[in-house]
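You will see chain A twice below: alongside chain B first, and alongside chain C after that.
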Partner chain A sequence: MMRFFSSPHLHGGNRSQKIMLLVIVAALPGILTQLYWFGYGTLFNIIWATLLGLLMEAGVMILRRRPVGFFLKDGSVVVTTLLLALALPPMSPWWLVTTATLFAVIFGKHIYGGLGNNPFNPAMLGYAICLISFPVSMTVWTAAGQYLNLADQWLWFWTEQGQIDAITQATPLDVIKHLSGSTIGEMWSANPDVVAYKAAMLWINIAYLVGGIALLFLKVFTWHAPVAMLAGLAVMAFLFGAGEPDLYASATDHLFLGATMLGAFFIITDPVSSATSRNGKLIFGAGIGILTYIIRTWGNYPDAVAFAVLLMNLAAPLIDQYTRPKAYGQQS
Partner chain B sequence: MIQLYDFPGGIHPPENKELSNPGQLVTLPLPEELIIPLGQHIGAPSEAVVKKGDQVSKGQLIAKAIGSRSADLHAPTSGLIADVSDQQVAHASGLKETCITLHADGKDTWHANITPADPEQLSDDEVRQRIYAAGIIGMGGAGFPSNAKLATDKPIHTLLLNGVECEPYISADDTIMQVDSDGIVKGTRLLMRLLGQVKCIIAIEDNKPKAIATMQAATADDAAIEVVVIPTKYPSGGEKQLIQNLTGKQVPKGGIPADLGILCVNVATVNAIHDAVYLGRPSIDRITTVTGKGVNKPGNYRVLVGTKIDFILDQCEMDASANKVVLGGPMMGFQLPSIQVPLVKTSNCLLVPGVDEFPAADAAMSCIRCGQCEVVCPAQLLPQELYWLAKSDAFDKIEQYNLMDCIECGACAYVCPSQIPLVQHYRYAKGVIRHKAQEAKQAEHAKLRFEAREQRLIDEKNAKEERRKARAAAAAAAQAAKRASQADGDDPIAAAKARVAAKQQAAKAQATDSHPEPAAKPNHKELKTAAAIARTKLKKAQKAFADAAATDHPDTDKLQTTVNELTQRSAAAAEALAKFESQLGVDPEAIKAAQVEWAKANAKVRKLTKLAPEDDATEAVHKEYQQTLDAAQKDLQQAESHLQSLKNPTEESS
Partner chain C sequence: MQSATKQLFTDGLWKNNPALVQLLGLCPLLAVTNNVVNALGLGIVTTLVMVAANGLVSMTRNRVNSDVRLPTFVMIIAALVTIAELLMQAFTYELYLILGIFIPLIVTNCAILGRAEAYACKNPVVPALLDGFAMGVGFSVVLILLGAMREILGQGTLFADMHLLFGEPARDWTITLFTNYQGFLFAILPPGAFIGMGLLIALKNIGDTQLAKRQQVSDKSTKESRRIRVTGTIT
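Moving on, here comes the complex of A and B:
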């Protein structure tokens, strides 16, 4: 019996799994740097979130009577849970990771019909829901380089017991947000810990930038969205910060603090929830950059990539509508 | 050197062209049987001018073009016409088509009419006539008759020779450029002569260094012909992509290259034009690449049009393990449902992949909107959007997204990480849209017919009314004349006047009334009605009588009399009708037979209506179905009118 295939009979060998694997590999420098500065917490987040994510996806597939193995092996859920785990603070307890994963995988992805159908970035949805619901737990960060040993972290993860007051501290973006009269320069000199933290964040951001550039060269995504986001953020920071450097963080600080590079290269490049055409991606990315700046500077939350991404996810279909490229033969 | 502009999108699949030894041409032995399909070009199928049992010589005309987009067909070798019948042809759905079967006599003798000519001695019209008579169509795959293309009335400034051959595996054009550059250049000069003041560009992809060198050498002394080397990128050989690459301009939507002053011809076609004009040889053979790891002797073969594909593959030693044959290249070719079909003028490649050469696609996964398809789309469409729209049957919207501009190059499916058979989805949607357009056209036609009928009925009614009025006037005049003659018997002049007036009125009435007045004669319809009424009355009476008898009603006797009376009346009416009908020639047996015929035709139409093909069937299937249905409906109409004419001979005779 002949099997019939429609043309083309050749395939380039590209696979979704390959893309997902590349994304995970490219995130490794960032992950390792993050582990180096902030300890085992992130590792716990990753393992727990991934385990739960896979279980949840399998559960949904069973409920929907779909082949479990076929859908698990696309690897998309692992990417989602990995990015979520990286975004969560290192001192997250198990229930926080569980809640975030539940909302990311079930409510962020499968409620809409699974891979390819979700309007929002699932990781950012899970993150944002937890940030709104548990603002205290979601902002417990350890000081750079000072973290619990493995046993204590284990204990903390499951029971939230342990001496962590000594090692937790506000993030630099927090500090910038609550200047309370002093200038940014004064703030930095008054808080040497924060300066060390800033350095850690710089390294982490550089590591994600390197991984992101590698993905760019591997053509996993196009440059449009990341470059537009970074440009949007930098231009805003320059517009407001150049005149009053004492009150506003510099463009460099904005680019290399918080989740900027993770967001630009690993989160907003999620193709499913972003605008589709290349011109659309420019607008989508720029919108995220601008919104990130606005929320960071004047909003209630110190970091804002998650909210900016979700807001632009909402706008993506509209952007698509207006950025449709002209087909061949329609340009005069 | 001219500037290149590139074109958007495109991919670089493995070329695998060396597999078929480009540049080495092998002529296949003469097959015993040739099957020449009548519809090898884009237009209407040609009409066979030979019949079973005819003896033909090589190059003799065997089928004549029908319409401007059709082309003549010629005997590829000498022999006997064995049949003119419907046979399976190379079609993705295995459709049948009328074909001429030729049994070769092995002598391969040319027809006496095949004579060389010196084009210098020929007028332009004679050159065009030779191209037309040779039945040349676009050999790159389009199948557009060359003489029709040359007959453009748009001003042409550039003749573009397409020697790009961008599809992997294929090296037929590469080969013809290497072995017959002389023929191509001579053919090119002929075309340039016909088109007037034009320059010529021969475009070749940079992966064919030998063809480039040969063509450059052959055109070195001609400043008007330039060989342009373009970078290898699929689908750079697409006419639209090539034009964009060379000029930076796009052929307008719905337009043709001639709108930009460009005439684009495939190199093999130009070579055929040379053969036609210089040698007088019609288009009866071509160079076809037979390749893939499933054949032991891949290569470029000169094959006669009509050679059966199984014969060719046999000659090229197809591997027993090969499990599919693709007609065309790996990107745009289609898998043949059967290899017992003939090769045609447009078949440039037979691809027999080895067992693992084209691994079967994995099950399609979800689209993750990665947009890689958009990056490679040469038509600048949004393949991912088209996919969702096709999947959700949003046909109106998908047209707004320019689905019809998709050239089905397959670049999107080639890069799709989810292995979605995108092109198949687009073909489905295109099929539905074409089908809907056809339906809309038919509905419009039906509406026009309905309106025409309504108008006709109104006109008839009005005419009838006029006739009635005229008759009434005539009758009134006659009455008046009669009265006048009675009243004024002693006034002959007045009486005469009145008579004349009455006559005139009557004549006028007669003139308006083109139909003979049916009321004047015993009327068939009336007789029928009378008989039917009598029968009904009789039945009613019989029933009443039965009821009365059952209940011993006092009126029973009275009813008995009525029934008797009515029986007589009914018999009389039936007799009158039968007499009338026998006079008219109505044959009850014939009517019965006609009724059976009608019932059969009706059942056939009903059955066919239920068998309508699925929406996703190919256009050809829909077309075939529509033709069958039309034929059945026509049969039904004929049966109906035949039946009516038997029943009512007067209406027909009037």
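Moving on, here comes the complex of A and C:
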């Protein structure tokens, strides 16, 4: 519960900076698990995206004649680029990360007026634009536990040269989508590498879940949006999957595959682009969960969290309009 | 007449550009500008229709009752578009197939109806023709700029497939700017058109601000000099 006091109010210091720092720390378990299973690629993504993001932020601030240091220090751009880098596949070459960062920071955030004014989640915007533009590069994932050593990854990152055919594979969500006649059970037993991949994704998702729960207890965000999203996704998966488990992935698979937990705790909780009231957050989160299921199951792209988030970002102002809390003593 | 003509052209190309300022005809503008040849093709057809429509509307302006003027305009424009469509089918068949529905849709291009309503039905034939030409060229320039931007980003070439419009010798006009370019699909898809359009409008606004700044400086100097003279006579 929020409590209101009469003035003078106590000023909380630079809240954005503190929150952004907490978010980065809470993402660490997930990042480390991801590095453990999928190799150095993600690390390259993070470093390159963050460097570019900071440069772009500084550049825009100079163009807009705003204090550069103040806005760089609030850390918002680092969180954006971090989430973007985690969402990008580990085998991303430099130009892919560059394009994604450019669209996230410049077109996702600063075109609209900078931090606090962006209608879309910048990281998801950059990701979605790249997924639409470079469907091939955006779906190169390495098999779980098999990855290039640091030198080869460096070479791949800059020149896209190297033997990667042996270690790349389709993601489980992708495989479920292209069953071509077989049942899900048959598909699992036919593809042991996909099962290994599934286990890796499970660990990564658990790590993000742990980080997310920590943030919840630190009151960085409220439980409404993440719980509603996970519930929406699970209910949809149960509705369709319980009757025909051979054709539709189970609720557990949906909750622990792809970017579900990263999305639920780190992306849809972005205070700027989500709905603000508590009921609004419930609707916002549930919408993302349901849309994620729909796009994953009947859409054309491997994962759906980014598109679901962007669509609900568009709906957030409308949701806020209709869920404005009633002031005490007022008639509805 | 000289300055009036000049006025028509500065309006059409810059101050009142149908695409950048009036934001009319956005549907074809955004839909077909994924490369230069499509943009140029649509630009030429739209300009021709605009000139002819302005001319005919201006000729009939004293005979058409103002209550039925809009249906009349639409019928004139529709007839002209049908002619243009048949001409394209005859001479540039492949381009006709590529542009598809967007040729008949020129009828609904608000830029054309807008000029008929705002200018041609109130002015004599020659200025109306000139206005149609200026506006058409202004529209085409934006189409071609946007087409070039999207073609360069989207497929890394410029002037690809120009033979669709200019015949066989134009086949090797293609300039490949980047070899081994993967293509940037986003620039070719509709959202890329919106962002490209937004960037063009932003560029035009920068140009306008610069012009206004220069104007202000010159205004200030003349104002001040006058003031000094005035105070000089008073004291």
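Of note:
Keep this in mind: the second predicted complex is superposed on the first by the 319 of 332 C-alpha atoms of A that agree within 3 Å, B and C clash if a C-alpha of one lies under 4 Å from a C-alpha of the other, contacts with A are read in each partner's own complex, and residues count from 1 in each chain.
Convention: contacts are C-beta pairs under 8 Å (C-beta built on N, C-alpha and C of every residue); 3 or more make two chains touch, one makes a residue touch a chain.
Small disclaimer: the values here were computed from a predicted structure and weren't measured.
By the touch criterion stated above, A:107 is placed in contact with chain C alone, chain B being left untouched.
A simple residue count on chain A separates chain B from chain C, and the partner touching more is B.
In the superposed model, A:134 lies in contact with chain C only, and not with chain B.
In the superposed pair of complexes, A:74 makes contact with chain B only, with no contact to chain C.
Contacts of A:176 after superposition on the shared chain: neither chain B nor chain C is touched. In the overlay built on the shared chain, the residue A:325 is in contact with chain B alone; chain C does not reach it.
Within the complex formed with chain B, the residues of chain A that make contact are 2-12, 14-16, 18-19, 70, 74, 76, 114-117, 219, 221-222, 271-272, 274, 276-278, 281, 320, 324-332. Taken in their complex, chain A has these residues touching chain C: 99, 107, 129, 132-135, 137.
Against chain A, in their complex, chain B makes its touches with residues 11, 13-14, 168, 240, 244, 250-255, 323-324, 326, 328, 330-335, 337, 351, 353, 358-363, 365-372, 374-375, 378-382, 384-385, 401-402, 405, 408, 410-411, 413-419, 421, 423-424, 427.
Chain C meets chain A in the complex at residues 182, 184-187, 189, 191, 195.
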